[in-house]
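Two complexes follow with chain A in common, the first pairing it with chain B and the second with chain C.
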Partner chain A sequence: MNALREKARELLAAKTVQVVIGYGRGSGGSARAVFMRAPAQAAELIFDATCLQNLAVYLMKPEVRKLGKAALVATPAALRTILQLAAENQVADNSLLALAPVGEDIMPLATFAAIEAHVAAADHDLSAAEGAELGKFAAMGLEERRRFWEEQFSRCLKCYACRAACPLCYCTRCTVECNQPQWIPVPAHDLGNLEWNVMRAMHLAGRCVNCGDCSRACPVGIPLYLLNQKLISDVSSVFQARSGMAARSDNAMSTFKPNDPEDFIR
Partner chain B sequence: MARIGVFICHCGENISATVDVGKVAEAAARIPGVAHSVDYKYMCSDPGQQMVQNAIREKNLTGVVVAACSPRMHEPTFRRACAAAGLNPFLCEMANIREHCSWVHEKGDATTEKAIDIVRTLVAKVKKNKALQPIKVPVTKVAMVIGGGIAGIQASLDIANAGHRVILVEREPSIGGHMSQLSETFPTLDCSQCILTPRMVEVAQHANITLHTYSELESLEGFIGNFKARIRKKARSLDEKLCTGCGLCAQKCPTRRIASEFDAGLGLRPAIYVPFPQAVPNKPVIDREHCTYYLKGKCRLCEKVCPTQAIRFDQEDEIVEVDVGAVVLATGFDIKHSDFFPEYGYGKHKDVIDGLQFERLASASGPTLGEMRRPSDGKVPETVVFVACAGSRDPAKGIEYCSKICCMYTAKHAMLYKHKVHHGKPYVFYMDIRAGGKMYEEFVRRAMEEDGVQYVRGRVSRIFERNGKLVVKGADTLLGARPMEIEADMVVLATAGVAQAGAEELAQKLHVSYDAHKFYAEAHPKLRPVETNTAGIFLAGACQAPKDIPESVAQASGAAAKVAALFSQAELVREPLIAVVDRQAPPLYSSCVGCFLCQSACPYQAIEKEEIRGRDGQLLKTVAKVNPGLCQGCGTCVAFCRTKSIDIQGFSHEQVHAEVLALLNRGDRDA
Partner chain C sequence: MESEKRSIERGALSRLVEQWLSQGKRVLAPMHSGDKVDFAWVTSLDDVSLDHVQTVQSPKTAVFPRVEELFSFRSADGRVEVRERDLGALPEIVVLGLRPCDAAAMAALGAIFNWDAPDRLFSARLARTTLVTIACSRADEHCFCTSVGGGPGAVAGSDILLTDMGQGAYLAEIVSAKGREAARAAGPLFAPAPGMDKESRLATVAKAFSPDAIAAALERMFDAGGFWEEQSRRCVGCGACAYVCPTCACFDIQDEGGISGQRLRCWDSCGFGLFTLHTSGHNPRWLQSQRWRQRLMHKFAYMPERQQALGCVGCGRCSRACPVDMNILEHLRAVAEAKP
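For the complex of A and B:
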């Protein structure tokens, strides 16, 4: 923690960056995002087990972009996010500094190459618990699965918190806001909820880096991560592709390769 | 307020036999926004078109729906008619109630109901149609022909004679292709080289033709009328301007035992060589894989003897960049060699040869100077077996198709053999004789009847050596499948014609589609046989499928005519049914977020990056832009765009959505 605060203070004092995006203590013992713009504020920074949010989401917010060059306290998911945003032409190389906590220490990663090397060294497979839960979900029959999601989506309020929390939902105009014509119905009825959530999952296929923030943000506790993890595992097994691993990569869903399996065409 | 005219066609009885067209017209009249609804026997006839035009003028229509056949059939007809009456042609839509309805259903109420639904859908769409203007693209009036065989030569000459510049690219050191290897040609038995070489010389001397031999296409970018080609001129190791083609280098070259490609491996050539004496250009190349200097670092004998000091050992490949407006693909074919046939000895019997090798044996310019001598020991073969359909029409060998030229050249081979060895006994094993073509059947009969060639209908199961003879085991199926064994001195396999090595790679460079056998695919098997699916790239000759010389030449002239037609206008006019990326007022500029995932989804490389800059030159936003010359309007990008920032003109989200709603809201029909 001290190393982190020291690094932040140093970066801000030297004006290497204009803002440090990190975690501070929130209400009820939780962590919240803080935006440090002066060296003195650096003492507020924390990093512990409560620091789960993917702070890379703020890289795409115009209000934060306006502040200038940012340093970002980056969890492994945040690092994957930065690489995926790079692959989608959303961030430029050398335009930000990722601060990756390693034990008590802090590793500054200034380039995509450095982030790629750091990400490649870590294990990003689903944890045993995640894998088991996904297995249970995948084992459901089609009818059971449909009932499961109908029940889950029936609680959806269309508050779009999942979208706001998602670092890859950076579009300035979301499909759901297109009303000429209105393909996705706005009201939070069953059909609208199903279309919204399925559409969002499909838009993340081959892109989601599995940070889990959509599920954490959902006020009614819909396990959205299941949809994303299923798509991640399918994209990986079908196309041998994984998002968030390289700053230049072909999107699995938009790239045709002659050896792509075509066994879904019957 | 929309004022739509609906015109229901009977199509003679094609539609009216199963659809109650009167009822469709009545129902259409009740659709909100429809100002005029009629039915007529032949809407595409002159009076029918007149009805549409009169209604546009009299009822001041804002849109037209013609319920008739497929838009592929008559959409252009009716759009032209609308344009003539002053209505933007893209405000006219076809409702396909023939292929999609009357032809595929029985007569009945449900069929009529479906026709009404289709009309309702198109009325809903046309209300959202916008007036569109055709797209104009400039045309570079230079053609690139890839492949300098007879097809490429013919296409080049025809285009050049039409007054346009041609760049002819040939992979080998000389143009001429397979035709230059042939001895005589069917069905007239005139000498192949005698008719080909004047054309080759004409190519070399034509003011409009730039010839790049020993060159390959490196890359092709761009679109119809506006391609950018990069051509790799491989190093000949020679200054072509200095070389006079005297041939002294080839005479003195000490490395002389290299199998000659031109003689199909039957003859030998030196390391510095011209493929054949009539080569165009008559300039040698050094074969760096075999030249002693490149292998061992010494020799340079050719350099010493060259009277003009033209040898350049350190020459490097050169990349030439050219702008071209059209491309003709004439890369030709190859044949399977005798090593493809385990049953005939995997090519290990020297006297089992393929058709091209026989051509060289029979040719006056060949390794035996036209004397019929077999490769193994130079003896005159007394008995020769010709095996037709070697590989072709054999699904077990993965070649289901007929190679088309073999029946004819096998008859020619047997005839040539008989003309050279009067006492010889030629046998032909065949499956069927396919001699369709002018004077072709007569030619085969001449082989059988005048030249005494023994035709045996049956297949050869095995060839093996016994006592210095090649034993050909087969069956005569016309004599009750009687087993046959012929002791031959030489066997000629009419092996299957296959695509050139590298055909697939080249197709991918050009984004041209090809079939399972790597032959290039024409845009339509009957009606667009010389075009590919990529606009501006045309096909000539055997790269599309095995073809004989007259057919290749005819197709080459066809492709040349297409190129000349393309070059006849200063600008290319295209239908504006293409994708466009939305543009909005600042500060958004466009709802496109510039993720460029559409770029990889686009099969036509039509998506470019556009930098939107402020007055001071500062970069405001980088967004996608569709190149109107390249876009084919397939809509893949539209489906892929998360922000729905891309739309297809003429098939916009609004239009398609309106169509879907019109179908879903069937309940309002009788209201």
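For the complex of A and C:
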């Protein structure tokens, strides 16, 4: 923590960055995002097991962007997000500084190449518990799976916390907001909820980096991570692709290749 | 009018729930769901959580569901036939185990829905809903009912207020005419309540601010853009706060079914950019900070001025549900301390 605070203080004092986006102490011992702009504020930064939010979500927010060049305290998932945003031309190389906590130390990563090297060396596989839960879900039959999601989505309020918390849901106009034609029913009834959640999962297929923030944000506790993890696993086996590993990469679901092995597209 | 004091044992309360259900009433009550407690339609008192501080959502769904049909329409032979809802066919609902803050919230909702023109659907739902509140024996750091005119044992808004007196006995304060009717229908399930005093059973919630001081401060802060940006920088602009709020009443109108279908009222939130987006592309609240300002202004300045009612009952749900820890109590303190 001291290394992080010292680094942040130094970056702000030298005006290398205009803002350090990090974690501070929040309500009831939780962590919350903080935006430090003066060297003296660096002392309030924390990094511990409560720091879960993917802070890369703020890279797309106008009120944060206008503060100037940012240093971002980045968990492994946030680093993958930065690379995915780069692959989608949403952030430019050398435009931000990632601060990756490594034990008690802090590793500044100034370029996409540095982030790629750091990410490549880390383990991004699901934990044993996550893998077991996903395995249980994947093993469900079609009918069982449909009932499972109908029950889960029946609680969806359409508050869009999943979308707002997701750093890769950055569209200025979401499909659910298009009404000429209306692709997705707006009301939070069974059909509207099913279509909304399936649409969001599919739009993140091949892009989601499994940070888990959609599920953490959901006020009614829908396990959205299961959809994302299943799609990550499918994209990996079908396309041998993994999002968030490289700053230049094709999007598995929206890239046309003339030598595509699938016949239906020709 | 002073509430009449009775008592009810847990076993009798359980039979009362059965009685309500056998009369065709729907019973909405807090239920455990995973690691959360939320309102759900229950079939027995055994389903009901009695040990939580607060539910994720408010019980406003009883009077303002997240989706409801306002009317249906049919187009044929160049004529449009509109069919109104049959208000008499709306379900009779008992909300059991809501908190005193939730009961107080019904008046705030009514102040909005019936402000200029009466909202017939909302009012019909409310008239068919009985509120059997359970007083708070515990509170957490997000509770602030006492700062906005309520209290852990406040009776306002409830039809019946139950207080857990220990050993499976509840003090039952019969508050309203609807409550008296419910108690009469329950007959001997309610017993006399000799010498029951609820005060020692109630949670302590310290006063955190004065709503008048907040309103006075807000009056000078509309143009304090820097303050609002600072306060809302971490807000990601979702609708979780509005959707779990017992008094948030914003809605969106959607037609479904083409030329023959239904007009639906759906929850909406002033926290969404789309909420104020004009057809021209202009958005009078184009920044999240302006939308956060609107949220506080509406509840603590506009509603007191226009409806003589506060738009907040201090339940703390928005703070608990917020994915980025926007703690409303903290933000209100910041308003009170701001030097614009």
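Some observations on this one:
Convention: the second predicted complex is superposed on the first by the 255 of 266 C-alpha atoms of A that agree within 3 Å, B and C clash if a C-alpha of one lies under 4 Å from a C-alpha of the other, contacts with A are read in each partner's own complex, and residues count from 1 in each chain.
Everything below uses one rule, namely that a residue touches a chain if its C-beta (ideal position, glycine included) is under 8 Å from a C-beta of that chain, and two chains touch if they have at least 3 such contacts.
Values in this document were obtained by computation on a predicted structure and should not be read as measured data.
By the touch criterion stated above, A:185 is placed in contact with chain C alone, chain B being left untouched. Set against each other, chain B and chain C differ in how many residues of chain A they touch, and the higher count belongs to C. When both complexes are overlaid on chain A, the residue A:94 reaches neither chain B nor chain C.
After overlaying the two complexes on the shared chain, residue contacts for A:111 are found with neither chain B nor chain C. Touch criterion met: A:170 reaches chain B, while chain C stays clear of it.
Contact with chain C, but none with chain B, is seen for A:57 once the two complexes are overlaid on the shared chain. Using the contact criterion defined above for the overlaid structures, shared-chain residue A:254 touches chain B, although it does not reach chain C. In the superposition on chain A, contact of A:237 is made with neither chain B nor chain C.
In the superposition on chain A, A:217 contacts chain C only, with no contact to chain B. Within the complex, the chain C residues that touch chain A are 33-36, 38, 56-57, 66-67, 140-142, 229, 232-234, 236-240, 242-244, 252, 254, 256, 264, 266-267, 269, 272, 274, 287-289, 319, 321, 323-325, 327, 330.
Per the touch definition, chain A reaches chain C in the complex via residues 26-28, 30-35, 53, 57-58, 61-64, 155, 157-161, 163-165, 177, 185-189, 192, 213, 216-217, 219-221. For chain A in complex with chain B, the touching residues are 88-90, 170-175, 178, 180-181, 183, 203, 250-251, 253-256. Across the complex, chain A is touched by residues 588, 591, 593-598, 600-601, 603, 622, 640, 642-645, 653-654, 657-658 of chain B.
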